[in-house]
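Paired with chain B in one complex and with chain C in the other, chain A is shared by the two complexes that follow.
And now, the complex of A and B:
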């Protein structure tokens, strides 16, 4: 026994957050067939939004989640309409370069405004924890866990039960088929991009509560979102959960047994191997995205 | 060689006469431009003629740089021996991973190579013998020509890469690559050994990129994982290619020089907002001239 229950708990809590965090990336990839390299910086933008609201107006970062979501939603729709729609018609890898440029632009803009110092949102309940049997539970991690679960559930309901969600899934399945039954892919792309960016921004609030951040942490977060998406398969909530938990376990266990330094390497290696051997992911159906 | 190609070739040769006229600053700018030229020309063989975007090509820059540096530091080999070995190691590694890697296409291929690049960077940062995150110090070059030697090395590499591009443009080998670019299944049906040809094209890219990394390592004398496996360098190579025109022999040179000069001017004028402007520049280039100045 010993440390094992603690590690498993940490992995579960972290993994569920990763699942929610990556949901937007996975959706955009699955539905629009674009890999958004600026995604991690969207999360960081959300974290800075929560930070500014907290230090400026005293709004609790967990309460400002809806605001971050709406901000991300508008930002995502705007970017899709102004930038990405135009480039999507070209080779798919052009979107990679475009979003990389966007990432460089946004992270340097943040650096200009906030400087490169590590910021953290020091909520009063950040340090509280309690003990259950063999494990120590940090309150804030549990809070983030439940919120992630709740929000992931909300996205699931949106995708499964509403007409917006159904049309998103229809376009992901078969773009032309969706057009035949009267769905406009252009609109669905804008909605998906908005939803995805909204998810990224609002997960930034949670990320900011969990740990400190700098303007240049986006790249690493993009890799995490990518790994979650590729392991689970694209565009589905169940897949993101599977991928998120996988990443949670991978990170916690590598960090504990091999050292913190190997954590990122482990993620990248697994990502490389998955792409090489099974680019569809563990649960990926044959129609989500194309290989 | 055609008329244009001969013109460019002589222009490159003529560049060798420039150094006496240059200040240290312009010598540095031109050396950087030549480095980016060699890297863009290398990528052009793969992306331009074969149609595979190796977004993480800087992986080979790092392999070449680190191999050269380690051979010099640990085995005490001279630079002139270490550099070619660095290039060959890089090319062989590419040849080894090409068959499984090149089953992937377009952005899947691109992102997999990027994952490789980042993973190698992390690996190097965590291993003992590579100097870890602290990096490696190399001896400073003392000998004929002083630091001008690096200008000439990058110039030579650029000329070599340029001639390789001309060869690919005109040869049967190049026609096979172009056939793969246009329609891989059709090429295979016509009897092109696609796996072999793709792999060779990939290794050619890795050879030049690795050599470039080796020269760079000795030039800056201090290397660490962040500078040798930098994703920003990957994107610069691609932007230079897009700006100049993919799949032409002149485009990569034109793009690399334009981008490096633009970047230098911006760096000088607005040092604080350099990153912001560079990001904006990338976005604008993709939006406005995705097919480049020099069209195929």
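And now, the complex of A and C:
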């Protein structure tokens, strides 16, 4: 026993956050069929939004989540309509280059405004923690866990139970079938991009209270979202949850047993293995009918 | 009244022309069949009518209104629905979700229409929680037609009604379609390979060959015509 319960708990808490954080990436990939290389920087944009609201107006970063979401939503819809749609239609591969350029642009813009210093959102409850039997856990991590779970659940309900959600899944499954019943794929693309970007921004609030950040941390987060999508499989909320938990366990356990430096290497190795052996991911398959 | 009037329609893919000057009409309450050999442009024709393929030239009028430049969602709103070739179902979603999506342009009446479709196809009600991908071919065809009915169309277009289905299933489908026409007065445009079936359920029919209309007339007349009997019904 000893340290094991602590590690498992840490993995669960972190993994659930990773699941929510990656949901937007997986959604955009699954529905729009694009890999958004700027995704991690969207998360960082959310973190800076929360930071600015906290230091400027004293708004708690967990309370400003709806604001970040709406900001991301508008940004995502606009971006899709003005830029990505056109490129998608001409040459899907170019979307990779477009989002790569967008990533460089956005992170440098953040650097101009906030400079490269590590920022953190030091909420008053940051230092508090609980002791439950053999484990110790900080209040912040528990809050982030419950919010991630709640928001992931909300996205699940949106996708499963609402007209908007059904139209998103319909376009993902069969674009022509969706057109035939009168759904406009263009509108669904905009909504999906908005939802995905909104998720990224709001997960930035959570990321910002978990740890310090700089304008250039987005790339690493994109890789994590990528890994979660590969390992879990695409397109379903359950897949993101499976992938997120997998990454949580992997990071916590390699960091503890092999050292912090091995964490990223292990993640990339596992992603590589999944691509090689089980490219559909742990749960992948059914959601995307044509697979 | 003329529900659908197509004049001199031309269409194709890339450089390849598929439809050549096709003219066709459907009256209100009529069942019209299209038959012809593989590659004669029947499915392409329905794609142009629903709007997933842009025509090169010609006009499509629905209820006296030009629709050839409208996107599919506008046409569905006006009352055109398609049970497509390959069925284009959402295989990873449940039967009921597929039907609900058919009501996308008539959300407020989705519940009501769900009951209506279930009354025509009771097996869809029994399988409502199963994935569309797990249905048999006949049930998928019912789902495809049911989904199209969910938007309360004035014109129901069905591509390849009998393809891959057992004769008993085809008979049932034909009966249900006749019943729907009697009860609701919905017009239908049905693409069908099997000529005897096509002529049996329709009032009028068009014969397509290499993208052109080569023959047309009342179904009962076509059934008696020698050229039709020799070419399509293999009666010597």
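Please note the rule applied: the second predicted complex is superposed on the first by the 284 of 291 C-alpha atoms of A that agree within 3 Å, B and C clash if a C-alpha of one lies under 4 Å from a C-alpha of the other, contacts with A are read in each partner's own complex, and residues count from 1 in each chain.
By definition in this document, a contact is a pair of C-beta atoms (placed from the backbone, for glycine too) under 8 Å apart; a residue touches a chain by one contact, two chains touch by 3 or more.
The structure presented is a predicted model; accordingly, all values stated were derived computationally and were not measured.
Ranking chain B and chain C by residues of chain A touched puts B first. By the touch criterion defined above, A:173 reaches chain C but does not reach chain B. Once the two complexes are overlaid on the shared chain, A:182 sits against chain C while remaining clear of chain B. Using the contact criterion defined above for the overlaid structures, shared-chain residue A:156 touches neither chain B nor chain C, since it reaches no partner. Look at A:275: by the touch rule set out above, it reaches chain B but stays clear of chain C.
By the document's definition of touching, of the two partners only chain B reaches A:219; chain C does not. Common to the chain B and chain C interfaces on chain A is no residue. Across the interface of their complex, chain B is touched by residues 34-35, 83, 86-87, 90-98, 100-109, 111-112, 219, 223, 226, 261-262, 264-265, 268-269, 271-272, 275-276, 279, 291 of chain A. Every residue of chain A that touches chain C in the complex is listed here, in rising order: 163, 166-167, 169-170, 173-174, 176-184, 286-289. Put simply, chain B touches chain A in their complex at residues 53, 55, 100-101, 104, 106-108, 110-112, 115-116, 118-119, 122-123, 125-126, 231-232, 235, 238-239, 242, 272-276, 278-283, 285-287, 290. Those residues of chain C lying in contact with chain A across their complex are 50-52, 71-73, 76-77, 81-82, 84, 88-93, 97, 100-102, 104-105, 107, 131, 133, 147, 150-151.
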